[in-house]
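In the two complexes below, subunit A is the common chain; its partner is subunit B in one and subunit C in the other.
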Partner chain A sequence: MLEVSDLAVEIQSSEILRGVSFNVGAGELVCLVGRNGAGKTTTLRTIMGYVAPRAGAIRLTGTDLRGKSTLDRARLGIGYSPEDSEVLGELTVAENIELPTWTRRTEKSAHERIELAFQVFPNLRRYATRPGTHLSGGERKMLSIARTLALDAKLLLLDEPFEGLSPAIIPGIRHSVHEIVRLGRTVLIAESELQHVPDYADRIYVMERGEIVFGGSLEQAHCDPTVRRIIGTTV
Partner chain B sequence: MSVASLNASLTTSIRHGVRPIQVVPVLGLLIIAAFPYIAGPHYAILMFSAIGFAIALMGLNLLFGFTGLLSFGHAMFLAIGAYTAAYLTSAKIMSLEAILLTAAGVAIVVAVPIGLLCIRYVKIYFSMLTLAFSMLLYSFLFKFYPITGGDEGLRIRLPTPLLFDLSGLDTVTILTGPMYFYVFGMLIVLTVLMWRLTHSAFGLGLRAIRENEQKARYLGVNVQRYRLVAFVIAGVYGALGGVIVAIPVGLAEPSIAYWVQSGNLVFMLLLGGYTNFFGPVLGAILFIFFQDQLMSYTEYWRLTFGVLLAVIVIFFPNGLMGVLDPRRVWST
Partner chain C sequence: MLPGLNILISGVFNAAVLFLIAAGLQIVFGVQKIVNLACGSFYALGAYFGITALAWAVKLQLPVATFIPILIASGLLLAVVLGPTVERLLRFVYHRDEHFQLLLTFALVLIFEDVIRIFWGASPLQSNNVYFAFGELPLGRNFTVPNYNLIVIGIALAISLGFGWFLQATRFGKIVRATAENAAMCEALCIDLSKVYVAVFTLGVALGTVGGALVVPAAAASLDMGVELIVDAFAVVIIGGLGSMPGALVGALVVGLVRAAAIWLYPEFEMLAIYVIVIAVLILRPQGLLGKSA
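Up next is the complex of A and B:
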């Protein structure tokens, strides 16, 4: 589904990503794990088209994304849920979910896509008329991910979906993400804490200073000395 | 259940009935409809002009209130409407429908290239660019005397709406009678159209752009296209408003494109409240009547307007509709 090869990104003459390569297969859940500043968010933003790479290639189901704008990538089926959720505060929850159904036409009807978003995040239905500004951090995260479902995205990029949330809320969102994977969607999560990586993740890649230093299963990561040194294992 | 119906049903259950503010627009429209009967001809003609400004302002608010782009040059579209009426009536084309359609067409032809350039910029740069184009048009109208009549402008003869027999009627009777109800009908139709537009997927996209264009982009909103369409629609509303504003004056002159006129439009928008769908209509009416009254009392009316503008911006940033409907800043 997603192939990232030898990705190099420079921002203001600083090398942020250095030869980043990884793959995400169709229907897989893959996590990029690393400390703050490791380059996870930059990787997602580069895939989304916000940052132009100096070198390397990104392919979505074989299509080279080079030269494609963020809008083009969204319309190709990449859904993005940024770290700070970025819900549209002046729009209601229902409007936030409705918007992507208008901007990207797929074989699924708008009704189906909206219902799916509410099915995966049932709490949002109760707040349908509430403006985005009146939501808690957890509800914003849910709404942000629900919008990618309404977009009918093939690939979901979730940046720190569990960051800053109450431990009481995290299991609910983790369950919803699992539901999304079970629906056959491909998910790439950026996460700074290994303990937040869902145990149903197919593969994790550990990043350090703009490079991938480990790639393998969650179990392998727990045993790997490099991973232990970088992010520790508290699980 | 669609989101719209879900929204509606939940909203209804939350509100339990009609709020007083929801009656205000209906009451306002009834007052406008009855105005020639409850006020003298002078005030009815003032209302005629106010309707023209209200239509132009609805377009301006699509740009500013909904899309977040503040045009300081919207008066150029008023001028396009006024001069189209002048040219066509001087060419003995007296059909009001033909004038309105031509004005809308000219507005599209002008708005597309200007819009393509302006929408690449936001905030003060967009405002200044639109102001620059408006002043270019003003200079053209002022200097190209053989074509535009220069500072004397061009005369507009009273056009005739379709299905109306105006023979034998004097100008005041026409402007406060059949023509008044014609433009009132236009106000209703254009208000309904704008309501539908702003409550459609297109309106949702514009509101997303207003809040944050970057967010809108990754949700699939084609920001540049939406902005251009909003700019062109605003231009069409401006030109239609310009035709109506110019008819009672009977003259199209360069000052209609001058920056002061654009400033007046922004003032009207702030007065009525750009955060409410009906704010522009209220703003246009209040401005026109307040200006008329103030001018008859003092020669320092502009000074008073300046103070009023400062008071509105400081104490009532959402305009008078914001005062009437304080619970909802965006009652769109």
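Up next is the complex of A and C:
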């Protein structure tokens, strides 16, 4: 589904990503794990077209994304839930979810897409008429992911969906993400803590200072000395 | 009581027109983050275009009742041509420093001034008869109010209500508000920003050209009216708060009424009074009366 190869990114002439390569297969859940400042957000933003890479290629089901705008990428079916959720405060919760059905037509009806979003995040239904500004951090995360479902994205980029949430909320969101994967969607998650990586992850990549230093299963990661050194497994 | 009422009516008339232009300025600033000095030119072009349209209407002996629809239509027609063209040009400075935006839009002001000079000449143009053709409303012994002023106030009110409804209740209005809030996120939600920008800019231009067209039966069209209006519109925006629609309304009322009061009571203070208020707002409440604090 997504092939990232040899990606290099420079921001203000400092090298942020170097030779980043990884794959996400159709229907897979893949996690990009790394400490703060490792380059996870930059990787997702580059995939989304906000940042232009200096070198390397990004392919979505074989299509080279080079030169494509963020809008083009969204139209191709990449959904993005940013680190700070970026819920639209001008709109209500329901409008935040409806908006991508106004702007992108897919084979699914708007109604179907909106229902799916609410079905995966049933809590949001109660807040439907609330303004986007009146939500807790967890609700904002949920809404931000729900929007990618309403967009009918086939590839979801989720930046730290469990970050800064109380331990009581995390299982709920983890469950919803699992449901999204079971719907057949492809998911790429950026995560700073190994213990937050869902155990149903197909593969994880560990990033350190803009480079991928490990790729493999979660179990392999727990045993890998490099990963231990970098992330310090607490499990 | 009579001077008071007079000040009120002419002040609200000024405010009504000012509000239209300031609302255009605000929405373009809100969505495109551009401070568009050329709003003054759109107002001036709207006025000259309106005069020409009126001259045609008079020549064809159309009834008075058609004048206002003709003025509005001429403003809209102008906006549909100017909006997308000028927006295309402004695209070069969207992500650049404000200096570039101000320089480019001020260059447009100068260019449009010359365009007006070429087509309509340098001396002011007037269409007095049209103003009086609308008649007057007697409000008491020896006191009348020009109907035209009341009609324009009514139209401005209708436009601002319609505008508010459009932004609050329609899908496109919601898309516009969302884009103003967070354009980058909106692009990832499949909003075509370039389409939103063209539409919003054309809407902003239309508020200016229609405002200019509506003022023309009541006042002369002159070369410097554009620049004069820029000063007023910025006073409105500073007083009310940059980016705030209710702020534009309050600012327009303040500027319109203060100006009318100064003309009546002490004409030398007309501009000074407004600057004093602007300076007071900048010192005491820099975000404007209804602006969000930065």
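Everything below uses one rule, namely that the second predicted complex is superposed on the first by the 235 of 235 C-alpha atoms of A that agree within 3 Å, B and C clash if a C-alpha of one lies under 4 Å from a C-alpha of the other, contacts with A are read in each partner's own complex, and residues count from 1 in each chain.
As a working rule, a residue touches a chain if its C-beta (ideal position, glycine included) is under 8 Å from a C-beta of that chain, and two chains touch if they have at least 3 such contacts.
Computed from a prediction, not measured in an experiment: that's the story for all the values here.
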item: Joint occupancy of subunit A by subunit B and subunit C, clash or fit; value: clash
item: Subunit B versus subunit C as contact partner of A:111, first or second or both or neither; value: first
item: Which of subunit B and subunit C A:57 touches, first, second, both or neither; value: neither
item: First, second, both or neither for A:213, with subunit B first and subunit C second; value: neither
item: Broader residue contact with subunit A after superposition on the shared chain, subunit B or subunit C; value: B
item: Which of subunit B and subunit C A:169 touches, first, second, both or neither; value: neither
item: Which superposed partner A:88 touches (first subunit B, second subunit C, both, neither); value: both
item: Which superposed partner A:100 touches (first subunit B, second subunit C, both, neither); value: both
item: Subunit C-contacting residues of subunit A that also contact subunit B; value: 48, 50, 69-71, 73-75, 80, 86, 88-91, 95, 99-100, 102-104, 147, 151
item: Interfacial residue positions of subunit A with respect to subunit B in the complex; value: 48, 50, 69-71, 73-75, 80, 86, 88-92, 94-95, 97-100, 102-104, 110-111, 114, 125, 128-129, 147, 151
item: Residue ranges of subunit A in contact with subunit C within the complex; value: 48, 50, 69-71, 73-75, 79-80, 82, 86, 88-91, 95, 99-100, 102-104, 147, 151
item: Residues of subunit C touching subunit A in the complex; value: 171, 174-175, 177-178, 180-182, 184-193
item: Residues on subunit B engaged by subunit A in the complex (per definition of touch); value: 2-4, 6-7, 10-11, 14, 201, 204-205, 207-208, 210-212, 214-223, 330
